[in-house]
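The letters A, B, C, D, E and F name the chains in turn, as written, and every chain counts its residues from 1.
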Amino acid sequence: MTQPRPTLRADGRAADELRPVTITRNWLDHAEGSVLVEFGRTRVLCAASVTEGVPRWRKGSGLGWVTAEYSMLPRATHTRSDRESVRGKIGGRTHEISRLIGRSLRASIDLGALGENSIAIDCDVLQADGGTRTAAITGAYVALADAVSWLGERKKLAKPNPMVQSVAAVSVGVIDGEPRLDLPYEEDVRAGTDMNVVCTGDGGFVEVQGTAEGAVFDRPTLDALLDLAVAGCAELTRIQAEALSRDAAPR
Amino acid sequence: MTQPRPTLRADGRAADELRPVTITRNWLDHAEGSVLVEFGRTRVLCAASVTEGVPRWRKGSGLGWVTAEYSMLPRATHTRSDRESVRGKIGGRTHEISRLIGRSLRASIDLGALGENSIAIDCDVLQADGGTRTAAITGAYVALADAVSWLGERKKLAKPNPMVQSVAAVSVGVIDGEPRLDLPYEEDVRAGTDMNVVCTGDGGFVEVQGTAEGAVFDRPTLDALLDLAVAGCAELTRIQAEALSRDAAPR
Amino acid sequence: MTQPRPTLRADGRAADELRPVTITRNWLDHAEGSVLVEFGRTRVLCAASVTEGVPRWRKGSGLGWVTAEYSMLPRATHTRSDRESVRGKIGGRTHEISRLIGRSLRASIDLGALGENSIAIDCDVLQADGGTRTAAITGAYVALADAVSWLGERKKLAKPNPMVQSVAAVSVGVIDGEPRLDLPYEEDVRAGTDMNVVCTGDGGFVEVQGTAEGAVFDRPTLDALLDLAVAGCAELTRIQAEALSRDAAPR
Amino acid sequence: MTQPRPTLRADGRAADELRPVTITRNWLDHAEGSVLVEFGRTRVLCAASVTEGVPRWRKGSGLGWVTAEYSMLPRATHTRSDRESVRGKIGGRTHEISRLIGRSLRASIDLGALGENSIAIDCDVLQADGGTRTAAITGAYVALADAVSWLGERKKLAKPNPMVQSVAAVSVGVIDGEPRLDLPYEEDVRAGTDMNVVCTGDGGFVEVQGTAEGAVFDRPTLDALLDLAVAGCAELTRIQAEALSRDAAPR
Amino acid sequence: MTQPRPTLRADGRAADELRPVTITRNWLDHAEGSVLVEFGRTRVLCAASVTEGVPRWRKGSGLGWVTAEYSMLPRATHTRSDRESVRGKIGGRTHEISRLIGRSLRASIDLGALGENSIAIDCDVLQADGGTRTAAITGAYVALADAVSWLGERKKLAKPNPMVQSVAAVSVGVIDGEPRLDLPYEEDVRAGTDMNVVCTGDGGFVEVQGTAEGAVFDRPTLDALLDLAVAGCAELTRIQAEALSRDAAPR
Amino acid sequence: MTQPRPTLRADGRAADELRPVTITRNWLDHAEGSVLVEFGRTRVLCAASVTEGVPRWRKGSGLGWVTAEYSMLPRATHTRSDRESVRGKIGGRTHEISRLIGRSLRASIDLGALGENSIAIDCDVLQADGGTRTAAITGAYVALADAVSWLGERKKLAKPNPMVQSVAAVSVGVIDGEPRLDLPYEEDVRAGTDMNVVCTGDGGFVEVQGTAEGAVFDRPTLDALLDLAVAGCAELTRIQAEALSRDAAPR
């Protein structure tokens, strides 16, 4: 197991380099928070919708609720997929990613300070080129923060500043024996080992999901991948902070 | 029943004026044809996907096939709607509009010249402000034309030039007694009568769908609405032609 | 575009002639209004069911509600179709027609006078030979009127006489270049242009739905089809009035 | 346990008397066999549809196949029920009765003589007043016989005369301690014990389904109910034979 | 039709002999009543779940409610079946058996004495070798009795001793002309006639469901099968009583 | 972050101690491999079903296929859950776990040596007390090995010994600040951080899935949890090997 070196990848990046990342706030006119996030050619639209009140099982708890739904447009991918609405059921992968995004976002917010409000984050993949779930989490955090500000401006929070820490996510994997950061589709399909890591802004772990796709991995590889991911998340945290520091265009 | 006069509407338009219309080709990297079409704040992503072959019931006919699927993102609208994939079934409105788009597009193409190829057009409403189905048809025609060019460049057409005429669509309605063109959401909900008209580039009718929402309409009103719609479609035809005349950005 | 002339059709009718139409009231013993309507060999059973109260979103409005559901028995058609209950989902065509019937019926009734009562009209096609949706609307209007009388006899209306105007519907189309009224199945499949028109008893338009099936239509054709349809609806209005003027057989 | 005596029931019948039964053949124009069967106010439309070939699991066996589907129109009953197509699933009762009808019909036919043809019998209850499944079986047998004749006239049977015996069905039950034949709805809901019996024309049993609804039954009661049912089926057999002996109206 | 004689069957049993039956109470730790019941190699896990309150339509009636759900594990059978959850719908056979078990159990209990409590009995077939529905009923009765005791110990019954009579069930059928008791799978598939009988502890009938699978049956056969079934149920009643008399292992 | 110490847990175990684990092979008579696996009170039935051939998309590849389906009986848990078959759809958690089990098992087998055979592993949770997915993987591996032996005995493998390494899984988590191995339900709900780890017999990682449930975790905690999990999997590997070394009871 070697350490990551700055080799050149198909898109010219170093092994430890992110793709160009852009975060466009207020991409939609109606949503309380909305972000078009791009990790290279991967493009995800994250829309945060605020509702007063919480689901029945949570009523009277004083706590708010945050959920997420992930989906892909049929032609986000190289070949068209059938719509899940047409098939009449949601696939396992979609469910799995929606749950991951929701858990990750809930780690960023004090649900007591949010008060009995619900925020639903829709993450719709307009174009997919690897890393759609990590782009979704990274963008959804910014949309969530905007939706919480929207509630704050309307004096609807139970306590000020419910956002307790930022969350960002990135994929890492081993390609041709080399650990690499932020895999595009063509690397993702070739990866022997694949890991998605969600970190807080100060480097804590929220989720670590590593999968051996064909090649079982050892502890040193795991360590190298975690190092790459932590550094990548730190860079994404910086990009999120910069996006949130800009004046949002008026709606 | 009075003739349309150039009164001022909430968005400053004359009664016979379209909203600003933009057609962005090649908005996606993978699709054989793709358009982001905007009618004011209504934004629809149209993606054309080519498959070799046709559905089983059409095999051996020598004819191609064109279908469309329409859908709205959950937060395209002012308040969030549940996903049809989550509800497990497609609503009547969605079905109705998908069928309308498909029929309209098939009027623009010679399916014999297309040969045994299938083109599926996905029209996903990213933001809705009235006229989503008419924007979808107008944009989808351009995406279809690009997908057919893609087939032509690869020598996969049965005969050259399958596109026999352009199609475009616009909504018209009576608001406060006045016939108006291209209704945004706030006019749409107030319209007594509402009509969607699909025309070919030379002014023939493909679809005429008029509905009295509360106010039955008479023949002069119907005539006035058709006049408005035909003029609106002619303007949309010009915008489509201009978009198709530009060099598409390389993918 | 020529005017309709009294040519002979396969079933011996003139171009502007309806098929034999019969309306049998009280075909069922339990329903508050029920009609077996026949347009030639097309046979639709329309049953109106009254419920006190309205859907939740309408409660306290003082307004009633009228809906319709259209369906076909599996062997209504030349070859058997699968049941939608067995397929587990309702097709787009069924949805589209159910919505059309509901909208059309709501144009005939003052929902404030109906008061907070709901009427559901089930239109089940027992045998199909073209024009099932127009027969359904024509028959459903009579079943609705009977159900409203039933409410009136029981002093359950908010105001007397909620039925403000009758509605009837007919199909028209261009076959071999000739506009024709009330198409049976064999003409329907050959029609280049096809239109369903719903009129009120005094000739106002409720719905105009024209579709070019292969042949785009021009304004004179549209005008000729509308003329035929308006005359056909007037004749249907007369047949409805006659049926309603008869003493209904006791239940 | 006493023997059935000729007491008077609400509808004036003796305990061992059927309701008026009518069997109208060729009620539909398209189906290969069709019957409107009435047991008093219970009205079931039975349509037999012939398809060449058999389901995949049966191919090459030389044997035909017969199935049935039972359904109720929403307003067949005193209060309207939701459609199973709208609910998106078929209820247990519907499944159970469809299977019962199919098994019963298969007892009447030599599937080897039928050859590799499939016959689907749709039994749609237009109006329900008790005994819908027994009316359905009784009518469906006649529709099946007509469909088999249709095949015979076209020389599509493997061997002549596949119909080996007739089947008919009737309900029996104990009301106020008295065994009664052919229960209408108002007796059915009051029955302590309820039994549906399917017999062949020569009195053999095809199905015996007895249920204690609240009151467990002893052997003498079971015997009395079976006696009633066997006599009732014999009378239905006679009515079926008479219907089949008439010249069917030309289609 | 001959009387049953003590011939030897494939598993060495006499025609009127049950397979080895075992009833293991408290097989689960959480359920208020649970039984693993075995009829030879058929193994069914019956779990009774108590909920306070009753379904809405029964509220305020003072009566309790008992339901059952039957299901098979995918590999309970010789070849694997698809899960009904994966297919997205429950098959007719499953519905039919669930309803049968529920009706049978309700015959054993005084729902007024149960009070407004609900008991759901899940019968999951872990391994199937014929007679799964009869084993399920026989085991479910014991699980139900334990759940009722659980309620009694917690003083939650409206009146003491709601269990008014036991119920047990067994299959019988004619194989090679011989009536036999408790059919394993290999006899079940060969049976010309097949009957499931549910009896109370004192020999009354709760359900009698006989089906001619290919061979219509006459009255003497029916009588012989009922005799066998009544004797078999009496033996099962004895085994149930013995199981319930043992101290249940502590949970 | 402290190292795990041998504190006493509610069930008397040390922090690094597994619950009693038992693996009963051949629990079913029909399945090609079957195991009842118990981790304390968690009980999962794993059944391996062999089919000749592979899904269509894999035909001609020479490779076999292994899938898994996970499900819970309704009363496996403390309170009853609705069946997924009754709800008509499979939940996200079920999908996620089924996919995890399938991926884990495929890491243990050389699909080329398996040849074009499919093995489906059903993991049905009979009783749940935490760790159901890890018990399922651990038991399913043994059932898979037995099914592969079954194929080997019948000379149906492409190459001998497709099982290339064993897989086992265990949960770990931080409770009251202490890392613990193999969490029962009551610890699972209290865990701040929760991780499921799947290892091969020689200690390589197949899956690492860590989730902060409320408490973000740092690198030392992650390391401590991985250490615990690796040791736990080694012990499970030993138990699997022992179970497989015993003569399986004859079927």
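Remarks
As a working rule, a residue touches a chain if its C-beta (ideal position, glycine included) is under 8 Å from a C-beta of that chain, and two chains touch if they have at least 3 such contacts.
These figures come from a predicted structure and were not determined experimentally.
Touch-path distance (fewest steps) from chain B to chain F is 2.
Counting hops only between chains that touch, chain A reaches chain F in a minimum of 1.
Comparing the centres of all chains, each the average of its CA atoms, the largest separation from chain F belongs to C. Which listed pair repeats A-F comes down to matching contact pairs by residue number; over half match for B-C among A-B, C-D or B-C. Relative to the C-alpha centre of chain A, the farthest chain centre belongs to D.
Between the CA-based centres of chain A and chain E the separation comes to 52 Å, rounded to the whole angstrom. Rounded to a whole number, the gap between the C-alpha centres of chain B and chain E is 60 angstrom.
For chain A, the set of residues touching two or more other chains reads 88-90. By the touch criterion stated above, chain C contacts chain B in their complex at residues 89-93, 95-96, 98-99, 103, 107, 165, 195, 200, 203-214, 216-219, 222, 226. Of all the residues in chain A, the ones that touch chain B in their complex are 28-31, 34, 41, 45, 47, 49, 51, 69, 71, 73-80, 83-86, 88-90, 94, 120, 122, 124, 126-127, 129.
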